[in-house]
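The structure is given below, and queries will be raised subsequently.
Lettered A, B and C in written order, each chain numbered from 1.
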Amino acid sequence: MDAVPAARAPSLEERFEVIDLYARYAETINDGRLDEWPAFFTEDCRYRVQARENAERDLPLATIRAESRFMLEDRVAAIRNAMLYVPHYWLHMISAVRITAASDAAIEVRANYCIIRTMQDRLSELFQVGRYQDRLVRQGGRLLFQEKLCVYDSLLIPNSLVYPV
Amino acid sequence: MDAVPAARAPSLEERFEVIDLYARYAETINDGRLDEWPAFFTEDCRYRVQARENAERDLPLATIRAESRFMLEDRVAAIRNAMLYVPHYWLHMISAVRITAASDAAIEVRANYCIIRTMQDRLSELFQVGRYQDRLVRQGGRLLFQEKLCVYDSLLIPNSLVYPV
Amino acid sequence: MDAVPAARAPSLEERFEVIDLYARYAETINDGRLDEWPAFFTEDCRYRVQARENAERDLPLATIRAESRFMLEDRVAAIRNAMLYVPHYWLHMISAVRITAASDAAIEVRANYCIIRTMQDRLSELFQVGRYQDRLVRQGGRLLFQEKLCVYDSLLIPNSLVYPV
């Protein structure tokens, strides 16, 4: 039987590693470097975007669900095709990230996010706000998302939700 | 005569303790766990929400004022009653927190906040933005708000301002 | 020939020094203490505000460009005159700051920003969002901006863009 890695306090270096990871994650999406987005995840990752209403009722229903890095790569290809004719910018603002649990096996993180969309000839607008509830693991020296759950506050489902959250 | 505790630089651990405190504060309100909100404050706390115009003129006038943890608990009960029929979500985004003064007696902190409200069938909107000017003290090993001053930029006074800031 | 200072990892203390610098930068502008704004820059600083479209095409065209601290002081004087009759508030929300390069000569930083404007009798609104791509140097013991590039997402050019970003 494998021993469960003991919970421990994150080190200061680890804290900054996590802070930087989220900053790079946001930059990658904001810059439109979508091809690099799946590389933030493990191969067996789980990525979900879920309405808060469903999350709070523990309903399994998710607006977007991917069960592997391959599915994220597939999604990027689909976005590339869909976005060709819609010029707009995205800005992810991520709050302080809080490590809610840490062991030698994984780091669990919670943070808030705002996605701001700027379309041609319009002012910037709050497109989606919510929280991340994530699980990071270390592979090959780097922290990767093994699980990323994005719970969004919005009750309306915007049609461009296909974009990475 | 008591000696005034000497000012000192905050330790790195203390900095993260403060960062995490604000993250948990935001999460608690965002999650709607309002019953836990007063526990962030000392019994003799002072909590005020004040328009920037009044704060800058040093006017004592505050939109909301509580002089004890008990008054905050009372407020939560009032909110619980008022909120029953108004389904909407809140998201607090808090900026980097800056420690403006530290001693063995207290830590003073300044930060900016945005409160984003999401109502049914509407897009998310900036409900209130402003700054915190807070004083933390350690009691029983935990940092608590002895004073929390929320100075908001808005010139309009929204009717749901009763909610925790 | 001068040796180029070797790249190195930033220390934990240095990281917090940078975090605090950006927090104080935002506070100074938010508070309307514009006279103190140029003091964040070196005498030979370069300050630019540029539309993302131009930045991505490597076009030199900038909406605002200053090539010295003196030009920033000049700008503050101009703002003081222009702002007298337009009462409104600004709030800079700055994301986590990421150190992208560090040596003994300079620290390069990237961060996202949101500027929220609140005008009389209106709700707060997203005025400008974008990213900072900055270069800090140490002079007389303090970190100063030697270069500050603000790349904004907005495609509309608001008429109050003269305000510090």
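Operating definition for what follows: a residue touches a chain if its C-beta (ideal position, glycine included) is under 8 Å from a C-beta of that chain, and two chains touch if they have at least 3 such contacts.
Please read all numbers here as calculations on a predicted model, not as lab measurements.
Visitor: Mind checking the rotation angle between the two copies, chain A and chain C? C-alpha superposition, nearest 5 degrees is fine.
Guide: 120
Visitor: Where chain B and chain C touch, do the two copies share over half of their residue numbers, giving same, or under half, giving different?
Guide: different
Visitor: Counting in whole Å, what is the centre-to-centre distance of chain B and chain C, each centre being its mean C-alpha position?
Guide: About 27 Å separates the centre of chain B from that of chain C.
Visitor: Residues of chain B touching 2+ other chains?
Guide: Counting only residues that touch two or more other chains, chain B contributes 12, 93, 96-97, 114, 125-126.
Visitor: Can you list the chain B residues touching chain A in their complex?
Guide: 12-13, 16, 19-20, 22-24, 26-27, 30, 89, 91-94, 96-97, 114, 116, 118-126
Visitor: Any idea which chain C residues touch chain A in the complex?
Guide: 12, 15, 52, 93, 95-98, 110-112, 114, 125-126, 128-131, 153-156
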